[in-house]
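Scrolling down, you'll hit the structures one after another.
Two complexes follow with subunit A in common, the first pairing it with subunit B and the second with subunit C.
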Partner chain A sequence: MMMQMMLIKSALALYAAATGMALTYLFSKDDKWSLWMLRLLGIGVLCHLGSFGARQYLFWQIPENRWFFSINSFFGALSFLALAVAAAFFVIEREHRLGILGAFVLPCAALGTGAAVIFADPATRGLPPALQSYWMNIHPMVLMAAYAMFGNAFGVGLALLIQEHQIKSRKPSELCYRLPSIEELDNLNYKIIVAAFPILTAGIIMGGVWAYEAWGRFWGWDAKETWSLVTALLYAGYLHMRLVRGLRGRKAVYVSMLAFASVIFTFFGVNYLSDLHGYLSARG
Partner chain B sequence: MTKLFRSVRFNIFLGAAITLAAAVGTLIPQLGEAPEKAAAFQGAHPQWSRLFDFFGFFDLYHAWWFMGLLGLMALDIVLCQLWSPPPQFACEEEASSRSSRKEATLRRNPHQALFASRLPLERAFAQAQRGLAAQGYRIAADFATPAGAAFVATKHGLQRWGSYLAHIAFVVILAGALVKGIFGFVEMVPVMEGRSQALQHKPQWELFVDKFSVKYYDGTREPKDFASRLRVKQGGALLAQKTIRVNAPLDIQGVRFYQATWGAGGDFRSVTLKAGDVFTELPRHARRRIAGTPFEVEADVMMPNFTAEDGGPATASLDLDNPAVRFIFHGGARKIRPLWLFENDPQHCLVEGEDGALTHAPKPPFELAAIDPVLFSGIQVAYDPGYKIVLAGSGLWLIGTIMLFYLHRRRLWVIVEPQGGASCVSVGGWSSRGAQDFEAEFGLLMERLRAEMEPRSDLALSRNPLPEAS
Partner chain C sequence: MSPLSLVGVSHKNGALEAREKLAVVSAQRVFDELRREGVREAVILSTCNRFEVYLFDEKERARGWAVELLERVSGGAVREQAYLMEGDAAVAHLFSVASGLESLVVGETEILGQVKTAYEQAKAAGMTGKRSNVMFQRALFTGKKVRNDTAIAVGPTSVATVAVQLAESIFGSLAKSEVLILGAGAMAELTARHMLSKKVAKLTISNRTWERGRALAESLRAASLPWEQFESGLESADIVIASTGSDRPVVRRQAVAAAMTRRAGRSLFLIDIAMPRDVEETVHGLDHVYLYRLQDLEAIVARNLSARGGEIAAARALAGAKARELGAWLKSLAAGQELSLKHSDAANG
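And now, the complex of A and B:
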């Protein structure tokens, strides 16, 4: 437990430092801040992975939990989601080297990790029988990977809104010249969402198959199921409007942000509405 | 009317209405999922309840108007797809030999390239086709132009099927749900351990629970496993038997038996009483003197989760959270009122009056050490013939969206014209990806094609470069 907490606190400190570097880079012209952000983030992701590994070791001490991922508690799920956001950003950043986006995405990873450390109970418990299925290692992991990508898209969308505001303002600040063009941000936002959408869809379908195997129905209109469908429909709406209506820029970002609000509600809020999926709030 | 159904705005409105309704349904307690919460809400908000009841909000996902919205969406998709037939495997429009139109199309393309080749017309034409085929392009059509020859090459043409599949998938999913609604069933069958129960929907089938077991994590009431040894018989003949667990149901001809829940109905085999260091086992309804005491008692009633309701004994649930047993005293000179003893709290003792009222009493010289309850196993029996249809629809939806969003159609129009003994090659490109994304790919592709076609920079082009795309 000590090792797990030490590593996750280190990851939190590194994410916070990387966020600081990203913010400094936002207002400076020195590329070294961006480089340091990436380095600190990389080490932070490694620490977080180490913490996850230490947690797995503890989790597997209970025989019934053996070979399952420890994401059945609020701490485990939130920590994993923050790790996925950070890792997804690391991959996107290495691919696109926009540098500036760290200021918008990394706070999400830092806040998620911080919330897990401060508010959630890190103790490991035995899995209830319903979660002792191989789907436990697939269905939530796939969905959280999609959520992490949507988190990155949210950061990109935020940057787009700021850039547009800067361009329209009479006195654009230095920030305007640091941020990528609106078209570039819009394309990146679209690319991330388009990559995440089939993953979200696959995750929802997997949940249906698991529900059929465990409870005898593919779809039961449980709050979690319904809100994940709402999320998928909102992102489908975004993609549809972009492809069919050519929706771009600010309006497209508003739709994607509405969909991301639904992601947040699906992850946090619905746990208090759903009995079947209430395990995150220890109600299931 | 047809215009209305085909309009994107109507589709968006319909989708938004379904999304909003689905979201609202999660905020109002639903009768099917949480009947107690729905009843509590109705009791607390009678005014709202009447309104919600009228619109079917307490069973929103089965309300006529919600089903109507889903049906309208399905109808809309069917009509839209009828008006827009599925794409053909071959590019019919390219098969046309209207070369002038093709050339005009080429000139309208956002991506254009023009270069000279040392190769004569026929060899340049064949080399261009080979070069693009090597890059994964399919030659969709070739035709003659007034001055030379042209062809159309495509890549990832399957993308056009993506939208079609994704929309059809929605109808397939709804069809699966309809099949389930008409032919399927779900019933909860609580069966006491060692007993049997006939199914409502399959009355000729009898379900036996030979053994039910539950295991808890050490020091907690959190279950780590619960299982039932099941037998299903039809007219005395054994159909199947299996020990079922959560996630491991029994399947007989598509009818699946799930381990859903368990509980204690109040029945028990025996209790163990402790007086000092001496234990006495007492079967239910058997009179027996407790060793080490002068009392002869009988255990007759058990409450799995004891609570005092209206002053009298009751159970808050069927979970063994606070099990208590009532003991009736027999014999002796003095009449003693029935006592309630608690397994989890040996110091606690209640006496039941003639009117059923409970009052605290001093602890007797014995305590309730253990109860051997007869548990019931809650078996959910479900038959869903629409499952595979829904699954197929979901798969179609996934494949459709992947084709639609991951594949990007590319189309190239290539015109080769003779220029002395050499050729002039004009290429126009289009992609379903954004122009910016395709720009770099098109540039690289043209660089490769040009290199394969023995370019010559010394040859002056006989025609002006292609105009900029508007």
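And now, the complex of A and C:
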């Protein structure tokens, strides 16, 4: 337990420091800040993985939990999600050389980890029989991978709104020349969402299959189910508008941000509404 | 007496006539003259704004012999405007020049390339030695460091480069962008040339007088579009530069709005450098349309320049510190106890 908390707190500190580097890099053109951001982030991800490993060890001390991933609790899920956001950023940033976007994405990873440390209960308990399924290792993981990608798209969208505003204002600050172009941000936002959408859809369908096996029905309008459907429909709406209607730029980003708000609500808000998926009601 | 001395003229002392005469003098001619005088180590920096000779020389000479040498090679009077510096002052001057602190547009980077060329020219002519090698390499290194570590070279400082940079902030690389130029006057041509230097995908010129537009298009190897059809050109162009002599706006909101419905959300960047204005102001209110007027571009240039001004003190301090290091090294070398300079730094030059 101590190990787990020590490591996740180190990860939190490193994410916060990496965010600080990212913000500094936003206003200073020295590449060393970007480099340090990546280094700190990399070590942070490793600490976070370590923390997750330590948690897994504790989790498996309880016999019925053996070989299931420990992401059924609020702490486990939030910690995993923040880890996924940081790791996804690491991959996307290195691919596209857009360290500047760290200022918009890394705060999500730091806030997620911070919320887990401060608000969630890290204790590990035995899995209820309904969750003792191999789906436990697939369904939430797949969805959270999609959420992490959407989190990155949100950061990209935020950067686009700032860039668009800069240029529309006719008084661009230095930031304007540091950020990627509107077209690049628009394309990246789209590319991330178009890659994450099938993952989200697959995750939801898997949930349905699991629900059929566990509860005998594919879909039951549980709050989590309903809101995940809303999320999927909003992202589908974004893709439709962009591909069919040619809606791009600022307004397209508004739609994708609305969809991300739905992600956040599905993840956090639904805990208070859902009987079956509530991390906090401890029944799910 | 220090073996290092500098003689030169620059824009700072006026000296337009002297600079014009010296600008056409080849470095080789000066090297020949210096060799005849027994000087074995010299670098000649010749740009449109300055002509400077840096030389290392052990002989006792009459003050001002180098000025006479300049007069001899240029065949004109430079005595009034020429400056003479020795030792540390000459080193400090070179480092300041390389850092862009002596340039008309403070922080400009062209001078760095010119210093490099001057040094390479001297090296090829066999006119450099250990002192001048290290001094010029350090000067180049310092020029880069000053521009990296301070904001002295941040932001473009001409209307044309500001326009290009804004276009890049909208579209990224301009390699896929199409440019439409309305007008065929001097401003239109200047901007067109600047866009061509950025290797845009396509350049089209549309002018109210067909022949003039086509003539300019031909000289630039661009396409030309009849004036009656320029509104249809708004559908495919990404960047439109309006520079006609029309006394009323020629690009109307209605035409742009109609074009935008067929652009599938692609951005449109309009640059209006005409006086009076060519593009209706309300166009800027359309989604994905960015209209910049000449005054907007000029305001950005002015802001960049004043921001550079705020960094001058920091840049001077840095260039000065590096110059003092080199000055101390030169003295240590003369005294036979060579100090070590950070060679990793010098090698970057």
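As a convention for this text, the second predicted complex is superposed on the first by the 278 of 284 C-alpha atoms of A that agree within 3 Å, B and C clash if a C-alpha of one lies under 4 Å from a C-alpha of the other, contacts with A are read in each partner's own complex, and residues count from 1 in each chain.
The criterion applied here is as follows: a residue touches a chain if its C-beta (ideal position, glycine included) is under 8 Å from a C-beta of that chain, and two chains touch if they have at least 3 such contacts.
Note that this is a predicted model, so its numbers are computed, not measured.
When both complexes are superposed on subunit A, subunit B and subunit C end up sitting side by side without clashing.
Using the contact criterion defined above for the overlaid structures, shared-chain residue A:Trp60 touches neither subunit B nor subunit C, since it reaches no partner. In the superposition on chain A, contact is made by A:Phe218 with subunit B only, not with subunit C. Contacts of A:Val270 after superposition: subunit B is touched, whereas subunit C is not reached. Legend: residue contacts after superposition of the two complexes on their common chain; A:Leu229 is shown touching subunit B, with no touch to subunit C. Of the two partner chains, subunit B and subunit C are each touched by A:Glu183.
Rounded to the nearest 10, the superposed model shows the Cα centres of subunit B and subunit C diverging by 140 degrees about the centre of subunit A. When the shared chain is aligned, no partner comes close enough to touch A:Tyr254: not subunit B, not subunit C. In the superposition on chain A, contact of A:Gln163 is made with subunit C only, not with subunit B. Among subunit B and subunit C, the chain that touches a larger number of residues in subunit A is B. By the touch criterion stated above, A:Gly126 is placed in contact with subunit B alone, subunit C being left untouched. The gap separating subunit B from subunit C at its narrowest, counted between C-alpha atoms of the superposed chains, is 5 angstrom. Shared contact residues of subunit A, touching subunit B in one structure and subunit C in the other: 183-184. Contacts from subunit B toward subunit A in the complex involve residues 8, 12, 15-16, 18-19, 22-23, 25-27, 30, 32-34, 61, 177, 186, 217, 220, 222-226, 245-247, 249, 256, 258, 260, 380-382, 384, 387, 390-391, 394-395, 397-398, 401-402, 404-406, 434, 436-437.
Against subunit A, the residues of subunit C that register as touching in their complex are 148-149, 151, 154-155, 165-166, 168-172, 263-267, 284, 287-288, 290, 292, 296, 299-300. Across the complex, subunit C is touched by residues 29-30, 163, 166-168, 170-172, 174, 176-177, 179-184, 242, 246-252 of subunit A. On subunit A, the positions that touch subunit B within their shared complex are 62, 64, 125-130, 132-133, 183-184, 187, 190, 194, 197-198, 201-202, 205, 208-209, 212-223, 226-227, 229-230, 233-234, 236-237, 239-241, 243-245, 270, 273-275.
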